[in-house]
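Got some structures for you, see below.
Each of the next two complexes has chain A plus one more chain, namely chain B in the first and chain C in the second.
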Partner chain A sequence: MLENFKDFLLNGENLLFIFFSMLVIIGAVFLINLQKVVHMVIALATTFISLAGLYVLLEAEFLAFVQVLIYAGAMTILMIFGIMMTKHDRQNEEPKRPLHNGLLLLGSIGFFFIIYLAIQEAAFPIQEFTSVEENTELIGIDLFTWHVIPFELVSVLLTVAFIGAIIVAKREED
Partner chain B sequence: MISSYLTLAAVLFVIGLYGALSKKNAVIVLLCIELMLNAVNLNLIAFAKFGINPSLKGQIFSLFNITIAAAEAAVGIAILIALYRNKATANVTEMNSLKK
Partner chain C sequence: MNLLQDLTFSSFMWFLSGAVVLLAVVLGFVTYAIYFERKVIGWIQLRKGPNRVGPLGLFQTVADVLKLLLKEDTIPRNADRFLFILAPVIAFVPAFVVLATIPYTSLLQFADLNVGLLYYFALSSISTIGILLGGWASNNKYSLLGGMRSAAQMISYEVPLVMSVVGVVLLSGSLSLNTIVEGQAGGFWQWNILPQFVGFIIFIIAAVSELNRTPFDLPEAESELVAGYHVEYSGFRFAFFMLAEYVYVYAIAALTTVLFLGGWHSPLPFLDFIPAIVWFILKFLSIVFFLFWIRATLPRIRVDHLMSLGWKVLLPLALVNIFVTTIVIELIKYFK
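Let's turn to the complex of A and B:
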């Protein structure tokens, strides 16, 4: 048991996994517990960047870069814009909802235990993962041969969503 | 190894769920929804490496997921700003015009 634990700790990948997962969970917990809204966004940025580290551990380098660009970059800035556009100085006078929050905490923890038991029960046969150097190139080839129609559909959806967002947020002059 | 990744994703998802249902600030609710989507992405990528049939499909699926999440966040913030202009509140408990 102790020997297994020592082997586990001596493996560099496991150490990195522990480090990044700690950062992820700490960021998420701070997101829930901090008082100021901007601090919450910074905590969430920590979570996003550590998740990018986990993606590198999982040999998904392209997705790690996408995570840093889109989540840690664009999404965080967008949320800070959202905070700047709205006012947040009335947090203290809000009524607390102890019953609601207690039931919610109970339900969340119960839900987590159900998932945890399911994960422990399930058997995952070890499969050979052929590790590839050119992750980005293979994703590009796959995306533009097998998944080209979903790719184009997603581009149309993004255009529609962003034009819609501009129209919704626009000031109604007339 | 996969079970630790799945457990981490479950922890993230549950924290996001708790935040999305308990916070009153609409921006924070959006952030917590992003957290839940990130947990799902982590699951997909973990299965792309350690799953029954490891391949790049999981990574491609999570790429689409990230795109949809970006669109969702943009539309969410736009709705928030429009609502703030009309009702001057970012509190989700006061967004109840349809209930009256």
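Let's turn to the complex of A and C:
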């Protein structure tokens, strides 16, 4: 049992996996618990960037950097903008509810045990994974040959949303 | 060295020592880039520039940095303390991290990612968060306005910046910076600047704007905003913001060299006996000089002009550039 742990921890890749997955979870927990909205967005950005780290570990570089570009870059900035334009006074502290918390603890422990047992039972067949050097190119080829119609539909949808947003904004201006 | 190789302790130490050397080189560059910027602007404006500290004023920047480090570190009482401290770090770290994929010669490169170009643009967009947070956390209306302007400008110009390099990607068929340079071997007529001249112009304009430098330095327009997003910063935190800005100058100059000026290749084939790194440094330094030159000679443009230039001129031009490049490539393929 302990030998397994030792082997697991001696591999640098596994250490990185632990590091990134911890950051993902910590970011998510802080997102829920923090009081100020801007702090929450920073916690969310931590989660996004650590997810990109996990993608890099899975050798999906393209996905990883698109994740950083869109979620960590664009989405986070959009949210910060939205928050800054509005006023946020600190909300009142939530009333303490000991019964609630006790039940929550009980539920969490029960959930943990169910999941734990399920994982113990489950079998994970190991699949051969051959990583390809030019996976970005393959994504491109796949997207523009086999999935070209969904791709075009999505672009039409985005254009419609874009024009719609402009029209709604214009109407308010008048 | 490959970024995706097995991570062991020895390879980790290798990366660490390489990164420390790079940091030293970049800090040296920044020190003397600031010195030469002041000298060059001085000469252009018929002044002498810094000439007191050390021979020819060579230690001026060192003295300035020493002053910044010794300064009292002030944090406004009503500032958001945590974010105020975090913001310079968020702004600086991506600036340094993007340097990892820049190929200096065919051998001297930290990581040959097959999505190197995407990596650069993805990580550099994180710096904007740092600037925006710095402006917000200071709890000062001028710094908030500066941060807002900066973020709006960086987002608007990132779009044409990324679009302008799509032509280069189409020509070389790869997002890897190494492959892009390999495709430009054999004389200056092979460089991407010739077939992608429109892309090059858009790239330079958008890059100057991304760097928040004159004529696009609206985020720190002294006459309107006191100093911009870093009004409340002093001492080494302020130095970090400045450092991030100059590391981006380094990064953009290196990226322009790689994408449009043929990287480490010599302009004429018979000049190949000169080492590749010398060519890279020469091209790199001429881009840096160009940035100083336009800073010294152009006035700042107005904020509404800035936005309409980005969205109404550069973006459509970049799209047309992509379209025309694609058609030409397909025609060449068809007639071959």
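Note that in this section the second predicted complex is superposed on the first by the 134 of 174 C-alpha atoms of A that agree within 3 Å, B and C clash if a C-alpha of one lies under 4 Å from a C-alpha of the other, contacts with A are read in each partner's own complex, and residues count from 1 in each chain.
Everything that follows uses one rule, which is that a contact is a pair of C-beta atoms (placed from the backbone, for glycine too) under 8 Å apart; a residue touches a chain by one contact, two chains touch by 3 or more.
Keep in mind the model is a prediction, meaning the values are calculated, not measured.
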Partner chain(s) touched by A:A74 [first = chain B, second = chain C, both, neither]: both
Which of chain B and chain C A:A28 touches, first, second, both or neither: first
Between chain B and chain C, more extensive residue contact with chain A: B
Touched partner set for A:F62, first chain B, second chain C, both or neither: both
Chain B versus chain C as contact partner of A:I115, first or second or both or neither: first
Touched partner set for A:A169, first chain B, second chain C, both or neither: first
Partner chain in contact with A:G12 - chain B first, chain C second, else both or neither: second
Chain A residues contacted in one complex by chain B, in the other by chain C: 59, 62, 66, 74, 81, 135
Contact footprint of chain A on chain C as seen in their complex: 4, 6-9, 11-12, 80, 82-83, 86, 113-115, 118-119, 121-123, 125-126, 128-129, 132-133, 136, 144, 148, 151, 155, 175
Complex interface listing, chain B residues touching chain A: 1-8, 10-19, 21-28, 30-32, 34-35, 38, 41-42, 45-46, 48-54, 56-57, 59-60, 62-64, 66-75, 77-82, 84-85, 88, 90-91, 93
Of all residues in chain A, those that touch chain C in their complex: 12-13, 15-16, 36, 38-39, 42, 45, 49, 56, 59, 61-62, 65-66, 68-69, 72-74, 76-77, 80-81, 84, 133-136
Sites on chain A touched by chain B in the complex: 17, 21, 24-25, 28-29, 31-32, 37, 40-41, 44, 47-48, 51, 54-55, 58-60, 62-63, 66-67, 70-71, 74-75, 78-79, 81-83, 85-88, 90-91, 94, 100-101, 104-105, 108-109, 111-112, 115-116, 119-120, 124-125, 127-130, 135, 138-139, 142-143, 147, 150, 154, 157-158, 161-162, 164-166, 168-169, 171
